[in-house]
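Next up, some structures in structure tokens.
Next come two complexes, and both contain subunit A; in the first it sits with subunit B, in the second with subunit C.
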Partner chain A sequence: MARASIPTRAAPRRRSFNSDRLWSLVVLLPSAVLLAIFVYGFIFRSGYLSLTDWGNDPAQALSLNPVIKYTGLTNYSNLFGGLLDSRFRQDLVSTLFFTAFFIVACLGLGLGLAMLLDRNPKGEGLWRTIFLFPMSLSFIVTGTIWRWMLQPAGGVNALFGLDPDRHAWLTSNASIWRFDWNKLPLITAVVVALVLLGLASRARQSANRTQMWVAIACAALLVLWAFTLGNSVKMTPVPEYHGFNLAFIGIIIAAVWQMSGYTMALYLAGLRGIPDELREAARVDGASEWGVYRRVIFPLLAPITLSAMIILGHISLKIFDLVYAMTSLNNLNTEVPALLMYITAFQGNQFAKGAAIGMVLLILVAAVIVPYLASQFRRSDRS
Partner chain B sequence: MKKALLIAAALAVTGTAAAAGKLEIFSWWSGDEGPALDALVKLYKQKYPTVDLVNATVAGGAGTNAKAVLKTRMLGGDPPDSFQVHAGQELIGTWVVANRMEDLTSLYKSEGWMSKFPKDLIPLLSSKGGIWSVPVNVHRSNVMWYIPANLKKWGVTPPTSIDGLLKTCATLKAKGLAAPISVGDSSFPQPHMWESIALGTLGTQGWADLWSGKLKFTDPRAVKVWTNFGKVMDCTNKDSSGLTWQQATDRVVKGQSAFNIMGDWAAGYMATTLKLKPGTGFGWAPAPGTAGTFLFLSDSFGLPKGAKDRTQAVNWLKLLGSKQGQDTFNPLKGSIAARTDSDVSKYNVYSQSAAKDWRNNRIAGSLIHGVVANETFTSGFGGIVAQFVQNKDANAAAQATQALATQAGIGK
Partner chain C sequence: MTTTATTPRPEVTAPRRPNVSRMLLYLALLVAALFFLVPVYLLVVTALKTPDAIGLDTTWRLPGVWNWASFSEAWSKVSGGLRNSIILAFSATALSALLGSLNGYALSKWKFRGADLLFALMLFGMFIPYQAVLIPLFQFIKSIGLYGSIGGLILAHVVYGLPITTLIFRNYYSEVPDALVEAALIDGAGFWGIYSRVIFPLSVPGFVVVVIWQFTQVWNEFLFGVTLANPSSQPITAALAQLSGGQAVSWNLPMAGAILTAIPTLIVYILLGRYFVRGLLAGSVKG
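After this line comes the complex of A and B, so read on.
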């Protein structure tokens, strides 16, 4: 964007302050000011509050002029390692599992439906409406409907005569894939090392030898650190196990029901955008039907997959209303950080800690969105 | 000039209308509880017809939504004239310590309430030498509900101690009843059951010592509470985390479970909604081990500092504390009057027995309904109970509770 606005010699017209520009400035100014205050100003305020102790002392939490002390990163270190905040850590783990399953299921189902519709079945318009319809509902409505459907002794279980004790969609207490939170440095290092190795293999393909060796060296260093010094890092005073709570299955079903129609629409648009000549050409060259998909269509759909992942990813990271409607507050089996933020700030009056949870969520969402935005801007720059 | 005069006159008129009175009350009573509040509002309008009463209700069980709205209003410097709050530490630990409430001691004295409310009650509403809210109603938390006909069929009687409860549970399990005790989700039914088990394990004095800081949560006696709670949870339905308290009560009514520990709004649900007859259609007993103690919670109204219509708000509080006000509200709400001189003939069979206990029993404060601990503690405690239900680790739960109590300033 910045590059695009540099005046070039080809456009010798005076660019500053003709009436068009003035008007556009006047029209944009109010929303820019509002955005600056109500989005960025409040982000900075939350960020500052998360570094204070507002709410730790009940006497100061809600007084008219609270005395707020700066405490640095205490709230964050408590969230990630304090005895009382294991609940937050479980929520964080839950939300990562939820995000992974939600995205994979939405993409898979959306692509499958789009491929079916792409074959022009009878009544295509009707099917499209039916699949897209759930998206027109709010998460609260979806949540309420699915809460009824997944009742232990009602809904789906009653309809199909399933045993409510074995099909606990929302009420299971079990969790699988448990790991010790203290092993987090190790796990993170291994994951990052794997990503680095992936980069290295890419660099090899593009014959960038220095980049490849740097990536490999970094990965090796990380793994070395993880198994020596990193192994002795203790996050929490006692071992603490977190895993994927099976009660999330019900939430994932509802969320996928709501959003897979949307990915279907995205994919369908993408499929329709692929010219028939390309398919024909591939077929003429002797590609099987599957081969056409694998070699021609799926690569062309990759940008759509990326956009869908970004959109689904940020929805699932900040999800609140669906879970609130389905399992209400204080249900640890299906809790997500956004709910905990609400409980901490508005029930527990610990505003600083609530702000800290909010900042962690912001960073997670930003980690998903910012690279995407950057790549988008770069692309529009090039064009 | 003429126009300006006209405007000035118009302003003066609206000005005097405002002077005739406006009162904004803030509550979470809607739905089933709406008619009871409406009756009170009607009574107020009869007494003060010129006052324009604004009834700001924010719906949502136990006030979760209303409390969040109230906080943003108070922090924004726009307090309602009087707001509903659970009596006790929920008010004291949140708003009184923040110096946001007016002391109502003089109102208690001038209205003669000191002798009209039970002696044990007033200390639980007070701190730092002030009394901070007017209780409108009283609910009992430690009640165990059952269906007499079902118990007869199974050949058991309501147990009176926690050991007895566990023994009865074993008997019923042997007879093929998978979950003799029913409980709802961890939003509040499970912590609610915890407090009755704790009172039954520690006794009235032990319970009070817990909140004054004399008894640590890590004390072996307090750890025993968690062990007992775990054993009781083993007798409960596996689908608990998907059930509301009403659905947990339904299990008892349908004969899928024998007992359920819930506050006495369950009596209202069974009598009004399910049309069961108190005493014969459904029965009740104090939660095991808690006979002779009334674990209470109370909805009350307080007077925030800086209320815009203070005089009207004080009149509202006077009405709430009066015999007429309490006897208008409570029969409709399904609770009992906090005053000991209420007209019991207006109440149903269950409420009459509760009113009798209210006058004779020792009184202890409910935890999860805000009497003995502030919001920081109760909101964190919900998480500890939910975690314990997952891992059944009594020691870890006890340690976490003690850490939470220290953080929330319990017993200071």
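After this line comes the complex of A and C, so read on.
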């Protein structure tokens, strides 16, 4: 069929002026321009607004021609260290805890379900439909349903016979794993040092001595800094405690209910892509069922796990509607930065501060997504 | 499922008690299914109760009196949003699908230098938190006179839908053999001729995936709905949030509203689930 004489790339080989080529650019142009404005232009504009004082003075916020002054990084330093903005810092801590639990639960449940379905039960299509249907719902619908489930007089308390006075799922203000925000430089330094040590051990495996020693030296320097100079860096004038609010447990359950079908679908597609011969070969070599999973299947699923972590992570960092629907707007125990941005900018008219929160969110999400996109494209280049 | 025998034991290569392990398999599936279905049971049952029949001790019971009035009352609260959502979802889906198809065609069959970079830059738009662009977007929509109308929402959804529709079509068209395009070139067809006579007729499955996925996304979206539209042009998700956000709620109403909001996407999912899942997997870029 395929004629060898024709180059395999789609690009036609006519060297002269090529109107077809031009058409492809013309077709792409509107989308490219729109996205350039709506994504990059607007990000740039938000970034600029976040460096101003627009709306910090309520009188100026809604005037037709507000006087906007450039104030540099003031909004950011207030968010991370100002006395008034501890709410943002709690939200930031909350969203990181939320993300961690949400990802772990979705991966665990999704993998479990996929492994069950991979054993070819009867009615597989029906089971799959059941596990996946919440994905087709709006987070607002999910939030409405689970808000009722977790009401004091709602389904969960009734099911387990819990005392409604003691199990206020969404409004509880108990919090655990609290830490002083002033310890943030220390905690950050230790985490980065651990990552560096991880890199060092990988460099050792690939016998890259220099890289290993550089990583170890950097880690040691960081830790040294953290326990000497870094210790005296104070983010806020007074100690300030943040932790994981138990009120989030209900929201995490609802989010897992909605999204674990996604990880199931990913893992199931992955499991179905593993050739049976591989499993057979492992069994012939004497591996137990569990051994086949541990030695053969799980390693092959690792890239899927990474993809799922990134997709789920970016969804949960920007989660907004689920929290909006499950707890009313000003429930401080279950607030996240995405919600605070909406409240700050669109209810409080503090546009500059809202833009700054939006930029922090963007940086968090970009830190997850950009390396991922880059690696995806590097891989597709090679293939 | 999770036997703790980690050391490989050659003598137990075949499952010893298939019936027991099969039973455990179905038991586990059943327990999992309960987790996913119980909220639906409570949703339906609560929607059909009268407000005074809703309480801690009766939560799990079937309604004594079937109260269909919740639905008509909820309908009166969300039907405006429903109408807006229908207009919004249909027009935004159609426009972004069409543009995505053309983009995908240009990006996969007429590759030029920097096409991959352009595509990557486009894709980033799929992942940004909209909070980072919301204020300028709000200002922009306002300045062109579309604030508060469905038109502004359509514009936002079309633009921010472009990355995923382009992605799905680009991946779909890269499966179409290049030889087809080259044969058409030799036969004298150009950019548009190839699109209309070769690519577009092959695109139906791609369009099905994109339309279903995009329709669901637009229907379920909420942030744009509450920031760019005024109450008379807000989508159904905003109407539902309004309905369930009040203080003294009788729970039958938001439950009925949730059912009304969920039905269109649920129908799509149940009838065309396979295409929905394909869109879902495409969203993880490319495995």
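Definition applied: the second predicted complex is superposed on the first by the 362 of 383 C-alpha atoms of A that agree within 3 Å, B and C clash if a C-alpha of one lies under 4 Å from a C-alpha of the other, contacts with A are read in each partner's own complex, and residues count from 1 in each chain.
The definition used in the following text is that a residue touches a chain if its C-beta (ideal position, glycine included) is under 8 Å from a C-beta of that chain, and two chains touch if they have at least 3 such contacts.
Only a predicted model underlies this, so the values are computations on that prediction, with no experimental measurement involved.
S.K.: Considering only touches as defined above, state whether A:Ser328 meets subunit B (first), subunit C (second), both or neither.
M.R.: Both partners, subunit B and subunit C.
S.K.: Considering only touches as defined above, state whether A:Val39 meets subunit B (first), subunit C (second), both or neither.
M.R.: Only subunit C; A:Val39 stays clear of subunit B.
S.K.: What is the contact status of A:Ala153 with respect to subunit B (first) and subunit C (second): first, second, both, or neither?
M.R.: A:Ala153: touches subunit B and subunit C.
S.K.: Between subunit B and subunit C, whom does A:Ala308 touch in the aligned arrangement: first, second, both, or neither?
M.R.: In the superposed model, A:Ala308 contacts subunit C only, not subunit B.
S.K.: Kindly classify A:Phe346 by the partners it touches after superposition: subunit B alone (first), subunit C alone (second), both, or neither?
M.R.: In the superposed model, A:Phe346 contacts both subunit B and subunit C.
S.K.: Tell me which partner A:Gln60 touches in the superposition: subunit B (first), subunit C (second), both or neither.
M.R.: In the superposition, A:Gln60 contacts subunit B only.
S.K.: So, does A:Val370 touch the first partner subunit B, the second partner subunit C, both, or neither?
M.R.: second
S.K.: Mind working out whether A:Leu83 is in touch with subunit B, subunit C, both or neither, as first, second, both or neither?
M.R.: Touch status of A:Leu83: first partner only.
S.K.: I'd like to know which partner A:Val27 touches here: subunit B for first, subunit C for second, both or neither.
M.R.: Touch status of A:Val27: second partner only.
S.K.: Of the two partners subunit B and subunit C, which one touches more residues belonging to subunit A?
M.R.: Touching more residues of subunit A than the other partner does is C.
S.K.: Could you pull out which residues of subunit A sit against subunit B in one structure and against subunit C in the other?
M.R.: 151-153, 164, 328-329, 342, 346
S.K.: Mind pulling up the subunit A residues that touch subunit C in the complex?
M.R.: That would be residues 1-3, 6, 8-12, 19-21, 23-25, 27-28, 30-32, 34-35, 38-43, 45-46, 49, 109, 112-113, 115-116, 119, 121, 127, 129-141, 144-149, 151-155, 157-159, 164, 257, 261-262, 265-266, 269-270, 283-291, 294, 303-304, 307-308, 311, 314, 317-318, 320-321, 324-325, 328-329, 337-338, 341-342, 345-346, 351, 354-355, 357-359, 361-362, 365-366, 369-370, 372-374, 376-377, 380-381 of subunit A.
S.K.: Spell out the part of subunit A that touches subunit B in their complex, as residue ranges.
M.R.: Going through subunit A, the ones touching subunit B are 55-64, 66, 83-84, 86-87, 150-153, 164-165, 168, 170-171, 173, 175, 238, 247, 327-333, 342-344, 346-350.
S.K.: Quick check: in the complex, which residue numbers of subunit C touch subunit A?
M.R.: Within the complex, subunit C contacts subunit A at residues 1-10, 12-13, 15, 25-26, 28-29, 32-33, 35-40, 42-43, 46, 54-57, 59-60, 99, 102-103, 105-112, 116, 118, 120-125, 127-138, 140, 156, 159-160, 162-163, 166, 177-179, 181-182, 185, 190-192, 216, 219-223, 226-227, 237, 240-241, 244-245, 251, 254-255, 257-258, 261-262, 265-266, 268-270, 273, 276-277, 280-281, 283-287.
S.K.: How about subunit B: which of its residues touch subunit A in the complex?
M.R.: Residue list for subunit B touching subunit A: 64, 67-68, 71, 74-75, 77, 93-95, 97-100, 185-188, 238-243, 374-376, 378-380, 382-383, 386-387, 389-390, 396, 399-400, 403-404, 407-409.
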